[in-house]
Amino acid sequence: MIKVKAFARFREVFGKELGVELDGKTTVVDLLTGLCAPHDAHDIILDESGGIKKYVNILVNGRHIQSLSGAQTELADGDEVAIFPPVAGG
Amino acid sequence: MIKVKAFARFREVFGKELGVELDGKTTVVDLLTGLCAPHDAHDIILDESGGIKKYVNILVNGRHIQSLSGAQTELADGDEVAIFPPVAGG
Amino acid sequence: MIKITEEDFKIDEMIWKAKHPDAGAVVTFLGIVRDDDIVGMEIEAYTKRAIQELGRIRDEALDRFDLTSLDVIHRIGTLAVSDNILLIVCGAPHRKDAFTACEYVIDELKERVPMWKKELSEDGCRWVEGAMKETR
Amino acid sequence: MIKITEEDFKIDEMIWKAKHPDAGAVVTFLGIVRDDDIVGMEIEAYTKRAIQELGRIRDEALDRFDLTSLDVIHRIGTLAVSDNILLIVCGAPHRKDAFTACEYVIDELKERVPMWKKELSEDGCRWVEGAMKETR
């Protein structure tokens, strides 16, 4: 199972935390595509070509996917995926 | 009478506060020359040519003598003259 | 100390901890809720990662500047106008390092630490969007 | 508030006064006695002129930067290592002004305000000489 945590605007769309069962080999963009459908959130997260929108930050186990394999980063059982908008603390 | 206030190193030489009676027309450098003699402080305050050493700050009624007439600034009865080394607060 | 908490903090206590024989300067940044026609603010954090990133920022600052201490405390939850949001306390032998480190921490915090604010006003609420920088 | 006093000050109280609906940032500079092989320090002021000059510096800062408050308190008398020397508290809508104003005040204070320090060590004592700038 993959633990998905969503924050700020995205928490209000997906809920704070959800578990997603892996269905064979899954990438970050697969996960997001699957998540968006039931929440009608496709336009918020994904662009027209099915890629991830720029203002959507994704961490896998605390590492930004840009330092991994981007949208194609592969997920394994037990991974924690975080989805959040640009940060604004302080 | 002129009120003379000395601070820091110069307080230890001249004392904290003293009154000096005016003896006719007096300038800042006259006052200092007169003050230095009894305190053996000539070398601390005045240079070889009888001018005021650079690191000696003199205020007359709160105004630096450099914005008045320097060592030749004339003093009047009731003036407050302050003598102090470069400041070092904070 | 790096801390994310719902509780308010005591500034005197935090500064007291920064006292160190080699410290001559303590610079403190306090962020408070400003009344931009709002009644308050909700602050949310990805706490685990926020603490990790704050720790990284602290380590960078300790590495770059000559400091005797560096502490950060950031609140989450619902806050009213004038409530404390965060406190950064930098102790240093000399003031320049304390100022520069304190500014470094708040600048980096705003760009890198996964926290978000929702402004609450009479008319409703809105998420404050950060600038579009990547978190590392 | 501009104050020169022998008493210690309460930082929390001073910061509390800086709370203002338009303030989003409060930057505080605390100077403390650093252990440079000393046991303490004696601070002397030309109090009347020091308050006047601090007032000028505050007015300059209020003029140059967008601030909601600016307070300075400086102690005189005999202080031990780690004792508070002075506190500057700058409140502002935005942090940049608060930081810049706070640094402005301490930089100018050190050059212009007629105050002096005598370091007290086991071997005796010595006056700390300031840089040779004119007071205005």
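All chains are identified by letter, namely A, B, C and D, in their written order; residue positions are counted from 1 within each chain.
Just so we're on the same page, contacts are C-beta pairs under 8 Å (C-beta built on N, C-alpha and C of every residue); 3 or more make two chains touch, one makes a residue touch a chain.
It should be emphasised that the depicted structure is a prediction, and the values quoted were computed from it without experimental measurement.
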Remaining chains grouped by touching, chain D not included: A, C | B
| item | value |
| --- | --- |
| Inter-centroid spacing, chain C versus chain B (mean Cα positions, whole Å) | 50 |
| Approximate Å spacing (C-alpha centroids) for the pair chain B, chain D | 27 |
| For chain D, residues contacting two or more additional chains | 31, 106 |
| Touching pairs among all chains present in the structure | A-C, B-D, C-D |
| Interface residues, chain C side, partner chain D - complex | 10-12, 15, 19-35, 81-82, 93, 95, 98-99, 102-103, 106 |
| Residues of chain C defined as touching chain A within the complex | 31, 43-46, 48-50, 52, 74, 85-86, 106, 109-118, 127-136 |
| Complex contact set, residues of chain A against chain C | 5, 7-9, 11, 54-55, 57, 59, 62, 64, 66-67, 82, 84-90 |
